[in-house]
Structure formats: structure tokens, C-alpha cells
Amino acid sequence: MDRNTVTEMIIEAKVRKGITWAQVAEHVGQSKEWTTAACLGQMTLDDAQANAVVTLFGLPAEAALWLKHTPYKGSLPTSVPTDPLIYRFYELISVYGTTFKELIHEEFGDGIMSAIDFKMDLQREPDPKGDRVQIVMSGKFLPYKTY
Amino acid sequence: MDRNTVTEMIIEAKVRKGITWAQVAEHVGQSKEWTTAACLGQMTLDDAQANAVVTLFGLPAEAALWLKHTPYKGSLPTSVPTDPLIYRFYELISVYGTTFKELIHEEFGDGIMSAIDFKMDLQREPDPKGDRVQIVMSGKFLPYKTY
Amino acid sequence: MDRNTVTEMIIEAKVRKGITWAQVAEHVGQSKEWTTAACLGQMTLDDAQANAVVTLFGLPAEAALWLKHTPYKGSLPTSVPTDPLIYRFYELISVYGTTFKELIHEEFGDGIMSAIDFKMDLQREPDPKGDRVQIVMSGKFLPYKTY
Amino acid sequence: MDRNTVTEMIIEAKVRKGITWAQVAEHVGQSKEWTTAACLGQMTLDDAQANAVVTLFGLPAEAALWLKHTPYKGSLPTSVPTDPLIYRFYELISVYGTTFKELIHEEFGDGIMSAIDFKMDLQREPDPKGDRVQIVMSGKFLPYKTY
Amino acid sequence: MDRNTVTEMIIEAKVRKGITWAQVAEHVGQSKEWTTAACLGQMTLDDAQANAVVTLFGLPAEAALWLKHTPYKGSLPTSVPTDPLIYRFYELISVYGTTFKELIHEEFGDGIMSAIDFKMDLQREPDPKGDRVQIVMSGKFLPYKTY
Amino acid sequence: MDRNTVTEMIIEAKVRKGITWAQVAEHVGQSKEWTTAACLGQMTLDDAQANAVVTLFGLPAEAALWLKHTPYKGSLPTSVPTDPLIYRFYELISVYGTTFKELIHEEFGDGIMSAIDFKMDLQREPDPKGDRVQIVMSGKFLPYKTY
Amino acid sequence: MDRNTVTEMIIEAKVRKGITWAQVAEHVGQSKEWTTAACLGQMTLDDAQANAVVTLFGLPAEAALWLKHTPYKGSLPTSVPTDPLIYRFYELISVYGTTFKELIHEEFGDGIMSAIDFKMDLQREPDPKGDRVQIVMSGKFLPYKTY
Amino acid sequence: MDRNTVTEMIIEAKVRKGITWAQVAEHVGQSKEWTTAACLGQMTLDDAQANAVVTLFGLPAEAALWLKHTPYKGSLPTSVPTDPLIYRFYELISVYGTTFKELIHEEFGDGIMSAIDFKMDLQREPDPKGDRVQIVMSGKFLPYKTY
Amino acid sequence: MDRNTVTEMIIEAKVRKGITWAQVAEHVGQSKEWTTAACLGQMTLDDAQANAVVTLFGLPAEAALWLKHTPYKGSLPTSVPTDPLIYRFYELISVYGTTFKELIHEEFGDGIMSAIDFKMDLQREPDPKGDRVQIVMSGKFLPYKTY
Amino acid sequence: MDRNTVTEMIIEAKVRKGITWAQVAEHVGQSKEWTTAACLGQMTLDDAQANAVVTLFGLPAEAALWLKHTPYKGSLPTSVPTDPLIYRFYELISVYGTTFKELIHEEFGDGIMSAIDFKMDLQREPDPKGDRVQIVMSGKFLPYKTY
């Protein structure tokens, strides 16, 4: 057994049992964004969180050990993603990457938006011309320092 | 002269004159996010917008023609970006890509978030533990249809 | 079991039973283009469609769950396809890509042809000098907007 | 001077003079699809066609020699295109590539659709829900033969 | 079972039984070049040919179905081949590619040599300074046409 | 000046003067295949050959020195060629590579066909169904030896 | 003028004038590690630092503007570095990457060592068996948080 | 069984038994840095070290043979690492690579820091503003010599 | 069973039985360099050699058939090798590649050193400052010829 | 001026003046292997050596500064070399890489052959069946140590 096996077991059980990620998040007691990433092998769970996942999906006990083990992160099979939904985010970076850079530097100076001290909220935004996906990202600004 | 030359002329004039993107946006009459992307060769300007940019930066008249010409988009020199600020966004897709996919499909069904009918707002989020970068993205959901 | 396993089961059953894609499409009640893509793991089926596929090919019941699960899309093993039939389409984009771009922008302005709100029809075009493959593509034009 | 220089001269003159591809096609006496591809360095022009292009854009006489010289084809700077309009076509091949393969083989047997004995027509398809891009492709079927 | 499995079964049986490709070709009733490519998963066999292969190698009956199924072509594991024999052909294209292009265009005009309406003959050419490999290729010239 | 500059000067002069490769070969006194490859920077010329080329194309005297200098070989800009004419040869290796390997080993044992002690002849093969390109390659077989 | 031009001007002036990085650091008033990275286009200088660099190297006044402009970071021409000195660091990551991961997670839990809130000191470590390069790196630990 | 299997067995046993790398290092009698790298398949163990590892993790006896066999080194699945912790080290080389080069050459002349005669120490550095990861690397300087 | 399986069986048996390559070479009756390459799937063995290998390692009889079958050559998993020992050879080509080219052409004219009619001897060269690895390579010079 | 410019000036002067590398080596007072690599931008020259090169080739005085500056090493334009002479060396590593690894480890234990404390001698080896290229490489063995 390794972490990938546990991810596959979770996905299989989720499809078979018809559980939603929102339900998993409620059991785990965290946001649906963090919980989904954690179940898909991108975050590390603590004792209670791991047990909640194991119970909800009916996984073998050993799976909890792997859920508490820090995973090798990176969830995509290719460096340029092929799935159209995920590619659109890659395209946004391709098109807006230098814009992110210019505007963050203009506002904050040299540094980056943290991808670690980071949180995210994904919601449906009702719109008469067709509902929209709204994503709010918030990451701590980390300035480069001289030394 | 081509579109890349115009982008380089804009960047050079901006550095030399000390103009901010917020000031450019005010002259152009659009958000700072769209305006920056447009100046960096990722969006197409209309007559008034192009003239505003040409005047503000003191560009030659021919530059306006290129600003109104739809550019070949994609602002980054490599498929995996090397700049740390831009890389962090790429890392977010690497880590959260499958999470985006799961949650959007759970909420909306099969389809994508549009990267075309899309807007974005980037703000400083004051925080006593260190200010944060807040990015709000909003893209129309486009469902796959059967036929 | 995962979505790839179901695709392999479909291909194997199709070869063994000698079913055509046109027959599958008739059972599913959609076009042969959409139905083939769906069976090959690129589209999501609804309840009735999934059951039709499971029955026709004699798949295990669990397969229906996976056919209704949105797949990770992208059907080719390499970024430049090696199969001559598929490569010819890639070559058309290589040769005509900038032409598509110029003519669509000339007619519609800045924006794209949707690959989501998209349909396609593939027919034999009889011709005394040798029959031809005719493909009619139709995708909604999506304009970039300012904000 | 080489063929790329001539392409750049054509694009520059086109932007400066505000000529449309439809107008170029009329002068050249061919479809707008073929004419655009030819001007962008993907097709070879004959005497009359080359002269028409040189006159219309006001190019130096030597340019006609290069327009009549068969070019090294391939119009895109990267193997996976970054421009969103062109990428959507690449995505269609990624998603529908195996579908093209299955349906053409089902209808015609083993072989390919020619990308040489090929023609294409791109039109606006009016639609109350938003106009559509319609592309009709027609390529001769070429069967593999035994020997 | 899929087409790759059948290829592996053929190679294994060939090594175990000590059959030559010339013998296979004789049973199949085609040239050794076409027959070898077909057995290695690059061509589609008809009923009689598939049965001949199944009988000669002692394959299970289901294998005949796969031999008659058009394969996903491309026989090499990497885009630049590592095997020295195969690499030499790649090197010839690297060194002589522009020469092929110049001479075929000089003789025929713009177009290509078909890789579909194509045949090949590979023979030993006795030579006192060391025997030579002689390969005669013949492909139909396909001209680009205007439209 | 370097070898690439000389190649570009040759191509430019050839287009401007309307000289054919067959004429160059006659002046140089070698086959059109070798002569074209040599002019395109893939072979090394001797004194007489270099002078013939310099005279015919009207190159500066220093160019002869570079034509006699062994070039860095490899005539294509990408590892998978984009030009359709050249790609077809790459496709032949992709499809027939393992066939070349099997048949040469069956006839000669372990070893390769030399790409150095190699010659080639490219001819038009008249055919009522459409003329064909015929290429005859001949390379010395070089066996691996034990030691 | 752009940031790369300034970097090239610095390197050229440094070679011509025989200035050491230690001397530059003294003028700039920061460590030699930060100062070198800044001059090579990886860090942003403030007013006083930029003027010190411009004066020391005798650069044109406009160069100071670019030194104060946040650069597009990444100092290497290829993703796997070819220079042996730099490659050895890449090799250390290849060999010790999973060790870094295991030991930092064991000590700190899930998170990363910051490459932004980071400093470095490079010294000669005298050793009778041959002097050694000693590098002390210190980066803030940034923990992943749940949300 | 091969070396990778042994690495997987070690990782599985470590997770199941809750052993720390510091404990493994103590049993093996070497630093935690070297021991971790060795267990993860990057170093070669001697008799006593291999037996200590086999006993501690409860591996089959044959595993000791593989631990004493020099492994094929390189512990990462892609040339640009996707895991954020490991990527930060890659980013440091991307940003500071030319700085390493300049400063080591300035101090030592032409040559490299050995990645073989190398040792490393990784510690927690307490800091009121947040603890830091401290890594001390020490590699022998190896000068290029003339000959 | 295929050739890779036989290579893995040889490596496993070698580790388990503690046989050296020098011993294998003695049994096979060839140099240790050729013998090792042959066992690792890069050369073709004759009857006697194959039987010697099968007997020494205790392989199943069928393995002899595969050892006599010409393998698909190329022993490394990535185009830039990650293992430090093998990388050093790649680095030598990166650093000295143009030197090899210049000096061989200066001595021999245009042509190559054969990698087929090639032999190699690897020895320990005792040296008081630390023993050295000495490798003597000898390959036939093959001149390009005109035709 | 930078180091690449100096390399190009050397190559141009060498071709124009007809100087051999052996003559350069004599003037520089080092082996022809080291001297050629140094002139091609892979090694660092001292005062006397740089002056010898500048005088012999008639370079501008500033060139000496660059010859004494440690270059960014790596002399090849692509990671898999296209030139047939250089490719053969790459092929040798591809075919014999694992053999190098096995035999050096068998003789010396875990470690590498240095590419820094390294020297090389390239000679013509007369042979009635065709002269051979003989290359003798000698690199210090560097053992991995525990710590």
C-alpha cells in the first residue's frame, strides 16, 4: 500500500457510494477545497481527519497511516495539462502571468504570493446570462529581503 | 514594427517615466487587470483605448494600429515558468488542479470555467500577521452538451 | 475499476462482438461523434445513456457509475500524435493555425471558437476521383470582453 | 531576404494599410482560406498570384520570387500552441482524436484523410443564442494498400 | 487482450518457434516488408491474412479479431529513437531532410511523397567491399492544390 | 561569416538567379543528392567543388573556405519536423522502424546500415495513376563484432 | 534598454575593469551572495544600491531605473543546467531531494523551506586534504495550514 | 526483487511501524542525512549497515544484498520537480545558479564543488519570527587542470 | 518472457549469487566490456555464449533464445542520464563534443568514429594521488564519400 | 563583447588563416585536446595562454580578458546532439552507460570517474583494415563517503 493506492481507493469508494466532497468536508470539519485536495493526495491529515476519511469511505485501517504521511505533491500527469477544465487555469497563467507579476509588484514590491499560507473558496455565482464560477484566492505576501 | 516591439516600447517608457499600471488603467478607462494584460500583448484595444495608451507612453502613431490588432497570446517564455511569483500560480494548478476539477463538476456538472468570458480583481488584503494578496476570479460556466 | 478500465472493456467488447459505433449511437440516442467520444472516456453520460452502453456491451453494473463520472479528458498518449490519421489533423493546425486565427478574428473580432459548446458531423463525401472525408465543425464564438 | 521576411512584410503592410484577407483573396482569385495560408508562408503561389500579392501590399519586386518558392511549412512557435484560439483546435484533437480515428476507419477502412488534397471553408453561422464559427473540411480519403 | 498483447504474443512465438519474417510473408501472401509491419501492429490484416498469422504462430482465436482491427500506429518508444539501427534512419532525415524537400519540389512542385500510397523493398546488395543494404521506396506524389 | 551565413547566401542567390539543383550538381560534378546536401551545409566540399559553387552563385571568395570546412550537421529546426514533406519520412520511420530492424537483422545479423558509407538516388517514377517519388538508398552493412 | 542589457553591461564592465563581487558587495552594503544575485538580474535594488552599482561599473544613468525594476527571475538557459559547476547542485537535488523532503517533514511537519525569506553564506573551508566549499542556507519554515 | 522494491518495502515498513529517520540513523551509525539517502536508494550500504536496516524494518534477508548493491541514482520522477518542498531547492538553483558560479570561481578559480566528496547537515534553527531550516553543505573544491 | 525480463533475471541472479562481471566474461570467452553490455541487453550472443550465460546464472532454457535475439538497444531511462557516474560521461560529451569534432576532422577529414566497429577497454590506473579510471576506446574511422 | 563572441572570432580567424589546432596547442604549450576545448569556450586560460591565443589569431586585446574568464560550459546546441560525429559518442553512452556503471563499481566500489580531474588523448591508430580513432580517457576515481 502507498499514498497513491489510498487515493485510488478513495475515488473508487466515492464513485461507488455516491458521496459528495461537500459531505466529506463536513465529516472532516474543514473547507471542501482543503478536504478535496487532502483526499486527492496533496495535503496531510491529522489523526481525527484521517479517521473520519477512513470511516466515511470504509477504507482499511492502514490507510489512515498514509493519510497522515506527507505526500509527494503534484496531482497532474503532464506538465501542460490535457483536461480542458484544468487547462483553462493553465491558460490563465499563460495569458495573465506577467499581469499577476506586474500588479503584485506594483502593490507590494518584490516578493511573491505564498502558495503555502494560502486558502481558497470556490462558489457558484448566479447570473441571468449563465451562472459563473467564482474563485477567491488569498495568499500571504512574502517579500524578498536583502541580507 | 510588430506587436512585441510595441510591448517592449511600453515597458521601456513605463520604467523611464515611472507610470503605474493603475494610472494607465485610469487613462484607458478599464480595470487595472485588463489594462495591464492588454498593454503586455494579451488583449485587443479599441480606438480610444489604443490612443490613450499611445499618448500616455509617447509611442509613435503606428503603435496604435498594433494595439488594435489581435495579438498571438501567451506571455511566458517557457511552459513551466521560472519566475518564482508566476511559478507559485503554476504550483497551485499542479497541487489543486484535480480539486478544481472535482468541485466544479460536483457543483455544475461536466463543463469548464471560461477563460474568455472571465474577469479578475486583485487586491491587497490587510492582515495583522502580514498582508495578503487576494484574487477574485469569475468565469462563466460552460457546460458540455450532447448532440 | 476506474474510467480507463471501462474504456478498455468497451473496446474489447466492441472488437469481440463486432458492434459498430453507429449502432452504439443508435442505442444511446445521440450522434455517432458524441457517442464515440463518450465511450472513449471524453464525455459524461447520463443514467439512460450509461445503462444503454452497459447493456449493449455486456459490462458489469459498476461500469455505469464510471460512465456517469466526469472523466479526466485527453485521449492521446503523446503531445505530438504518432498515428498517421490523427497526425494529419495536428498537421492541419500546424499549417493552418495562424490562418484560423486571422480569419476568425477578421470575421468576429478577438475571441475564440468554443471547444465546449461545439458539435461535429463526419460524413463520406462521394467523389469520382476518390471519396472524401467531410467534417463539419460548429462552435459558438466567444468574444473576449473588457472589464 | 527570405520567406519569413516576406511574411513579416505582408503582416506589417496589412496592418498599416488596413487590408482584409477577403480583399487579398479577391485579388489573388482564390478562397480566403488558401490565400491567407499562402500569405502566411504555408502555400506556394504561382506567377500571377505572387504578383497580385506584391502589388496589393506594395512589396519589393524580389518578394515575388520568395512567394513562388515552396516554404518550410509549420506556422506555430511551439508544439503545444499557447494562443487560446489556436489551442482550442489542439484540444479538439486531444479530446476527439481517437473518435476521428474510430469513425473514419469504421466508414472507410484503414487509411487517412489527406491534409494535402484538402480544402476548407470557414463561415459565420448566425444563431440567436450567439453566432457560431462553422468550418467545413474536406480531404480525400487515402487507403493503405497491401503490397 | 488488446493489439499490443497480440504483437507481444507474435514476437514471443516467433522467437520460440524460430520462424523467419520471410516465412510469415509467404504464408500471408504479401511482401516481407508489409507483412512484418502488419505483424508488429502497424497495418490492418484481412480475414485470410489474419487467419494465416494466427495459425502459423499458434495464437488464440481472439487474436484474429485484433489483427483485423486498425491499430494505433507508431512503433517506437521515444521521439528520437535510441536503437542504433533505427537511429541511422532518423539521422538520414536530419542530414538529408532539406535535400529531400528541395529535390522533390524541384522535380514535382509543392506537395509531398505519400506515406500511405507507399511501398518499399529491402534487399541485400552484394559488394566486394562489404555487402550493402538497399532500400527502394516508392510513394505517390501528392500535389497541394489551390481552391 | 560562418557556415550558416554561406547556406543562406546560397539559398538567396539560387532563388534570385533561378538556378536548379541539377545545374549546380552538373557544375560541381557530383550527384544532385550529394550536391544539394553539401550546399545546404551537410557535407564538406573539396577545392574544385567549393570554387564551382562560389562561381556559380557569385559568392564572396571567403565563402569557399567555409564550404571546405566540415559543418555541424543536422538540417532541421525541431526534433519532430513540422514540414509535411519532411514529416512523411519521419512517419515512415515511426511506422516502419521496427520493420527495418527486424528485416535487416534477419538478413544480415546484428549491425546497422551505415549512414556515412551511404548513397541515394531520387527519381520520378511515371505512373498512369499519378507519378511516384522513387528513392533508392544504399548503405554498407556494418556488423557489431565481439571483442 | 531592458534588464538583460543591464546585466550584460555589468558583466562586461566587471571583466574589463577587473572588479570582484566582494568589492561590489562592499559598495552596495549587502552580502556578496545577495549582491551578486541582484547584479545578475535576480533581485531588486533600492535607490542607493542601484546608484552604487551604476557608479562602480560606469553604467549609463538609465540603468539605475532597470536595477530598481523587479526582474523576471530565473538565471539559467536550460531546465537541466549544462555547466558542470551548476549541474552539481542540480545533481544534489536529484540525489538528495527525497531526503530533504523526509527530514524537513520529520522535523517540522508538512510545509516547505522558504526560498524567499532565505539567506545564504558561501565560504572557503580550509582542509589539509583540499579546501572545501561551504554553503550555509537558512530559510524560514512555512507550514501548510488547514482552512 | 530489485532495489526499488526494497525502497518501497522500507517506506511501507517505516509508515506502518512509525520509525523516524533519526532512529534509523542511530541504528546504522551514520548521520541522518546519509542514512535517509541510503535507505531511499541513493547510497550503497556496507554489511553491518545493511543488516541494521534489514533488522530494524523487518525486511526479508535478500533485501540486504540489494542494499549493498550500488543503485542507479536519481530520486525524482521528473526533471523539474513538482513537489513544492523539493521545487524550492530547484528554484534556488534557478535563481542563484549563476551566483554560485561567480562566487566559487572568484574564490577558487575554475572548478566545481564536488557532489561526491560532499556532506550535509540539516537542522532546525529556532527563531522568534518563525523557526528556520538550516542546511550546511560542504563539498571539496575540485579544480580543472591543464594537460 | 521478453529480452527485458531476461536482463532482470540476470541482474537478480548476479546479486543473489555474488558473481562478478569478470567471471561472466571468462565463462563467455569475451572481454568484460562486451560481455557486460551483452548481458545488459545491448549485444547479441551466439549459441555458445548464450548457453554459458544461461548455465552460469541458472536461467530457464527459453532465456537462451532471447539472448540470441538482437535487442532493441539503448540502456538508459532518460535522454539526460540522472545517475552521477553515467552523467559524467554525458558531461564529457557536452564539454568536449565540439573538441572531438574538431580534432577528428583535423586528423581524418569529414567522417565519424564508428560506434559499431568499436571496442573498449576499462582499467584501474594506479596513481599515488588516488587511482584513476582509464578507458581506451578504439573505433574505425568512416569517411563520408561523394557520389 | 562576451565569451561567445570570442569563440566565434577564433573559429572565423582559424578558417581564414588556415591554422590547425595542433599549431594552436604548440603556441599555448598544452595538449591539443585541452587547447581546443579552451578555445571553444570550455576551459579557462591563464595570462600567457590567453596572450598566445590572442596573438596567434590576431584578436583584439579585450579578447584576452574573456579567455581568462571562466566560461558557462556546455558546447552543444541540443540535449541530444544532431551532428553524426558527436552523436556516436552519445550513442556509446546510451548503449554502454550501464556497462560503465557496472564495471567501475565492480572495480572501485560506489563512486564516479571525475570529469574535472580528467585528461584525454586522441590519436590515429593505423590499421590495414582502415585506420581507427583511438581515445584514451583518464579520470580520477572519486568514492562516495559515509558521514
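Read from first to last, the chains carry the letters A, B, C, D, E, F, G, H, I and J; within each, the first residue is number 1.
As a working rule, contacts are C-beta pairs under 8 Å (C-beta built on N, C-alpha and C of every residue); 3 or more make two chains touch, one makes a residue touch a chain.
Since we're looking at a predicted model, the values are computed, not measured.
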* **Each chain counted as touching subunit D and subunit I at once** => E, F
* Structure fact -> Contact tally winner between A-H and E-F is E-F
* Structure fact -> Comparing contact pairs by residue number, the option in A-D, A-H or E-J matching D-F for over half of them is A-H
* To do: Could you tell me the distance, in whole angstrom, between the mean C-alpha positions of subunit C and subunit I?
  => 47
* Could you give the separation in Å between the centres of subunit A and subunit C, each centre being the mean of its C-alpha atoms? => 29
* Structure fact -> The positions of subunit I in contact with two or more other chains are 33, 72-74, 76, 79-80, 82-85, 91, 94-95, 98, 101, 105, 111-112, 114-116, 142
* Asked: Which two-chain combinations qualify as touching?
  -> A-B, A-C, A-D, A-G, A-H, B-C, B-D, B-G, B-H, C-D, C-E, C-F, D-E, D-F, E-F, E-I, E-J, F-I, F-J, G-H, G-I, G-J, H-I, H-J, I-J
* Structure fact -> Interface with subunit J, subunit H side, in the complex: residues 30-31, 33-34, 43-44, 49, 70, 72, 101, 105, 109-112, 114, 116-117, 119, 142-147
* Asked: Which residues, counting only subunit E, touch subunit C once they are in their complex?
  -> 1-2, 62, 65-66, 69, 72-74, 76, 79, 115-116
* Structure fact -> subunit B contacts subunit A in the complex at 20-22, 32-33, 36-37, 40, 42, 73-76, 79-81, 83-86, 88-108, 111-115, 118, 120, 122, 124-125, 127, 129-142
* List of subunit D residues in touch with subunit A within their complex -> 80, 82, 84, 87, 91, 94-95
* Structure fact -> subunit I residues touching subunit H in their complex are 8, 11-12, 15-16, 78, 80, 82-85
